[in-house]
Each structure stands twice: as structure tokens, then as C-alpha cells.
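Pasting a structure below so you can have a look.
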């Protein structure tokens, strides 16, 4: 049991985080909490990708030692961590930041328009204002 | 309907666990992710691009179109927030 | 809008810190080739220095130094620089973003530096721009 | 590494992008130049799409290596017959809506013209990027560009539109995140992101749970993006609250592109036998499509607001496309793809008409449309053409895609779906006839003579795109055989059950 947890600690962490995030996105009625859930969800996916790239006994993907021009350099794939997931996740982080920015802007507009960020109150006030129109 | 989101979360979690158990072991140097495409970046990257940081080499050269997309995403967010929030008065 | 009295300590510390933060941001952008870092990371650091300034001195002080038109120009300039390098490669007879044909020494490395600078400029400007839009909305 | 390839495919995406970057700066300098420049970029994109389509038709699928790196190491663009058709469709519709948007945006949001066109071009670039790319992760990046742009465009409707946009942010992010998860699982077990490379590695791994889970997440994520029935919650609000031009743009493009991604990944990254025989996804999809067709139409009947009715009708029409995919035979898929193209034209046209009515009269409620045919005769005629096509009346294009779908259902031996297609068409007849009836009804009680029957047609910059789309609906109907034989026949994967006797009859008939 203990070994199982240690071997899969990365998956346990990202699965738990994903479920927390997903629960917050679908189950919470406060819009800010939904947004927080969205962020947790996105970050757990980033952990997932980075853990795909992990490689036992390897180091960060930056060429070590002297690397002047013309120097003979033998690079072993097993010596460095897989750089591709890191690259993908840099992009995913940026996407997450951008989405959060836009969502926050929308939340500001919602709060200005309706004075609440609770979903049920919001629905009530939306109905009231559409009836008034 | 009240517990629908709990059920949905549970099903998602089950799917995640199911999929993760079938994934290669964590940190396995022989996993497909470490042995199919990425070795080229590590072994040839420095020779082909003269950049020692492989992440930068992949980010800005091999997959530079992704990074252009990433920058466009940021630009889109900037213009989108401007479109959503800024009024004419601020601009003058 | 933040209008309350700002403390002298906060102001002084920020004033001392900001140049170092900006220098570090530039370092992270330029040194992305041989150490962890790059355009996005450095751009965020640069952007955060302006956000720190506006927390300490108020957004108006930052706007005085870094006007909204300038912000718009920077936002477009960075990403335009990126795409323009790609199009330049097209004109030089290679594929889009194939830096190998750029007429400089070590073209691939220099091409990457160019786009990292572009990413850095856009990210910095967008961070400040989003922050500005969020806090000045009323 | 340096073998040069024709730059046209990449320019379809890069020219709108570059223009989008220039526009905010141009807006400070010369505001009047913004619209012509944006339009020129859209027109360029359309012209380049025509060139690409011609090359695809004469030479064959185009491959373009970004940065000169061969796949799977670099990012590849792969434009096949279906992709070329989608590029043509997207660039054409966005150009028309672009022309239309000038007046309506100036009226609805005069001060936000500059960022509007910038985001508009980014949306176009994102859509075309999704269609052209052959890299799973690059597709995610363009999916997010498209999503962010559409969140912003929807929200500028103000009021309820902002809430709809936020709802779309949450659901859209779930969809995109599920897609990203699926890419992660596929990458974990194959080590590749290139679609062609994945397609060659995956068949050995079909038994793996990770691939199954990846496929499940992919289908759920993309279903959210294309608003398939149980995941459609974001769509009605987003379509009906957005400004008119935006509704038309988004209704005609984003969900269609998501459907294109579904087809592309389901049948070209995975083999058809995977989703047909090994796991019953197509069966499930066809049922979901059928339910969407019925419930979407029923909900549409219940609406009193024209735009909201059109939005629910979109939910139903997505059902048709998905049913075509789910029938899992060549005729059905052809029908689904043809319906994708047709629906883009029809729904784009209908939303433009709804916008024109709001622009001139401010009316949104269907019951207030009395006497509209006297005030706006052309607009009402265009609406009638598009509505008849939606119902499936023969000379118009909607009939032919439904015909293909029906024959596909018969060939698959699923008579129930034949019934569903007919029933849903009858429901469409009900809700569209209701609108047309009100449009052509005279004023209830003509109070003052001067008040009634003032002809007040939409301006020609709005009328011309609508007329073009209406003409397109007729032409698509007349030349549907050409589209099928030139584009769609190449788009049907080899593994699907091929055409039966009924389709041969259809070929003879045309």
C-alpha cells in the first residue's frame, strides 16, 4: 500500500487536484469560486503533463559543461529530462493566465451590472431586469 | 439533480484513475514520451540550433508556431479585456 | 481606484526594488538561451515591476511614465515583431519561422532571441494593460 | 530542412493575425482606416483560400512544415479536401459578416470599433488555424485563441450577454481542458503530437485503457465546444444576447469547426473501426444527435424571441451533423458534412436577418413582426429562403443534406433515425412557419394611415451579404453534387461502410 502511494504520488496529487477543481467549477454557485476551480483544474493538467516528461536519473534539459564552437559534444537522451512537456506547459500556463484575465474582466462587468456574484441571486436579478424591459 | 455535479465529478475521477493506471510508469526512461520524439531535441538540438537550453530551442524553434500562438493568446486577452472593460473616456 | 495614503516605507522600498526587478526581467529574457527563462517569464517579471509601482504610487503615476497609447503600441509591437520575423523568413525564401536563412551570424540562435524579445514586450505590456483595465474599471 | 514550400497556406492565417496586431495602433492614428484594412485582410484570406482549394483539387493535399522542421518534430499544416472546403467556407462567411458588421457595430458599439475588428480578425485566424493544423497541441492553442476571442465578442452585447459569456468561459474551459487532458494521455502512451504520426502508432494501442480514456475525454471536450445536446447550456444565451453580427459569426463558424475537429480526430487520427466496432461511440453519438434534434426543435418552438429560437434551432442542427457522423457509413458522413456547410450558410443568413430586423425596427419578439414584409420586403424574402432551406424544401440546400442523412440512416438499417429526421423537419416547419406567418400578416388594426407600410429596408451593406448568403443557399442546393464529388468524397475515410445501392441511385439522379 505504501509503495503504491509512493510510486503514484504524482498521479494521486493531480487526480485529486483535478477533481477538486472540477467539483468547484460544476458544483459551486459563487462565480469567483467557479473561476478558482477553473484555475485549479488547469494547473492540475500542467502537473499531469510535467510528470509525463519526468525521467529517472536525469537532469534539467540544459546542455552541461563547456560548449564552445566546434567542441565535440555527445548528448545522451537518457541524461536529460524530456523538454517537450515543459514547452507545451509554458504555452498552457499562458493560456490559463489569459483566460483568467478575461474571466476576471467579465466578473467585474457582472458585478457592476447586477451587484452580485452568487448564481441564484444573479438569475433572479436577470429575470427581474428582463421583465422590466 | 442536486447531486448531479458530484456524480459527474466522480465519473471524471474514475476515468482519470483508469487512464492513469494504463500510463507508463512515472519517470521510466523507456516510456514512449521519452523515447519517440523527444530524443531528437536532446541529442541534436544543440547541434542544430546552437542553443544550450533545450526548452528554449524547442519552444522558439522546433515548435515556434505554438509559441506564436501563445503570444497571440496573450495579445487576444489584452485586447479582449480592453474590449470588455475600457470605455472611450479612458482612452482620451 | 486606489486613492488612500501610501506609506513612505512602501514607496521607498518599491522605488529601490523596481530597477533591480526590471534588470532581472531583462536578464531572464536575454539569458533564456543558456539558463531557465525566456520571453514569457521575463515579460511577466518586467510587467510585475510596473504593477508594483502602481500599487505603491497609484496607477496615475505609472500612466504618467507609461501612457496608454504607448501601452497599446508595445502590446502590438512585440507580437508583430514575432510574426514579422516569420514573414521575413518567408521573403528570404524559406518556410514560415525558418530562421536558418536570416542574414546574421548563428541565424537560428539570433532568430530565437528576436522572438523572445517580441514575446517579452507583448507579455509585459499585456500584463500592465490588463491590470490597468481591471483596477480602473468602475 | 530548407526546401521551400508555397507560402499561401500559412498566409491564410498570418495575414489576419498581422492585421489584428496593426489595428490597435492604426486606430490611434486614423480611425476611419480600421474597417477597410480589416476587410482587406479578410478578403485576402478568402482569396488565398481559393488558391489553396484549387491546388488541393488539382494536385492533392498540401503539407506545410512550420519552421522547416519535418513532423513529428516540428508543427505541420495539412490541408486536405475537407480542410480546403472548411477554409473556403470560413473565409467566405467571415468576409460577408465583416461587410455586414460595419453598420451594426457602428450603431450598437460606436466606441469599440477598433478592438472589435482586432478581436474579429483574431477569431478568424484562430478558426482557420484549427482547420489547417495537423498537430494536436497546436490545435489546442488555436482553440483557445478562438474561445478567448468569442468570449470577448459575446460579452460586448452588455447586460445578460456578459453573464452568458462568463458561463461560456467556464464551460468552454472545461471543454478545452478535457481536450488537453486527452492530448496528454495520447502523448503519454505514444510520445507524439502529430496527427499522422499518432494515426500510425495508435492501432497497436487500441486495447490500452489510456487510449480509451483519452478518446472519451476528447469526445466530451469537443462535444462541449460544439454544444451537443446535454452540453449545450452555454449556447442559447451566448447566441441570443450577443450583438447581431457576432451571433451570425459565431453561430456559423465556431460550432462547425468543433464538429470538423471531431470528425478529423475520430476518423483520421483514430481509425474508423476504433470508434465504430471497438467502443460504441458512434452509436452513442447518433443517439445524442437524435435527442438533440428533437429537443432542440421543441425548445425552439417554445421561444418567443427570434434570436433565441434560432439558437435552439442551432442545437437541433448540430444534432443532424452529429447524427451523420454517428451513422458511420459513407452516405451518412457525407450528409453530415454537407449539412455542416449548408447550416453554416443558413444559420449565418438567418442571424444576419435577425440582426437587420433589430437594426431597423428594434423588434426581437416574433409576435411583433406583423407587417414586416411591407417594411422590409427583401429581408423577409431572404428569411423565407433560408427558413425553407432549414425545413428541407427541395430546391434549397437543406433538402439535399437531409436526403443524404436519410439515405444513410436507411442504409444503416436505423429506421428510427429516419423518423427522427422527418419529425425534426416537421418541428422546424412549425417554428419557421410561425415566424414567416407573422412577417406576412397585415397590421392587426391599421390605426393611422401614415404609420403603416413605410418601406424601411436595411442598408445595402447589410442587404448585400444577406443576399449573397441566400444566393449561396440556392446555389449550394443546385450544385450539391459538385461539392460532394469534388470535396466530400475524398473526405470520407476508407474504413467506413461504402455507398450502397441507394446512393448509386442518388448519383444517377443528379
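Descriptive notes on the structure:
Note that the chains take the letters A, B, C and D in the order they are written out, and that residue 1 is the start of every chain.
Operating definition for what follows: a contact is a pair of C-beta atoms (placed from the backbone, for glycine too) under 8 Å apart; a residue touches a chain by one contact, two chains touch by 3 or more.
The shown structure was predicted, so the numbers you read here are calculated from the model rather than taken from an experiment.
Here A-C and A-D are compared, and the pair linked by more C-beta contacts is A-D.
Annotation: 26 Å between the Cα-based centres of chain B and chain D. As a whole-number value, the distance joining the C-alpha centres of chain A and chain D reads 29 Å.
Taking each chain's centre as the average of its CA atoms, chain C and chain D sit 36 Å apart. Among all residues of chain A, those that touch two or more other chains are 22, 52, 62, 84-85, 88, 90-91, 94-95, 98-99, 101-102, 105-106, 108-109.
Residue positions 34-36, 38, 40, 75-76, 79, 83, 86, 96-97, 99, 123, 130, 133-134, 137 of chain C are each in touch with at least two other chains. Among all residues of chain D, those that touch two or more other chains are 17, 21, 24, 66-67, 137, 141, 144, 148, 151-152, 155, 162, 181, 187-188, 193. If you sketch which chains touch which, every chain touches every other chain without exception. The touching residues of chain B, counted against chain C in their complex, run 48-53, 55-57, 59-61, 64-65, 67-68, 70-72, 74-75, 77-79, 81-82, 84-86, 90-91. Within the complex formed with chain C, the residues of chain A that make contact are 60, 62, 90, 93-94, 101, 104-105, 108-109, 112. For chain A in complex with chain D, the touching residues are 22, 25, 31, 34-35, 38, 41-42, 45, 48-49, 52, 84-85, 88, 91-92, 95, 98-99, 102-103, 106-107, 109-110, 113-114, 122, 126, 129-130.
If you check the complex, the residues on chain C that touch chain B are 32-36, 38-40, 68, 75-76, 78-79, 82-83, 86, 96-97, 99, 106, 108-109, 111-112, 115-116, 118-119, 122-123, 125-126, 129-130, 133-134, 136-137. Listing the residues of chain D that touch chain B in their complex gives 17, 20-21, 24, 66-67, 69, 72-75, 111-112, 115-116, 118-119, 122, 125, 129, 135, 137-138, 141-142, 144-145, 148-149, 151-153, 155-156, 162, 181, 185, 187-193, 197, 201, 208-214, 216-217.
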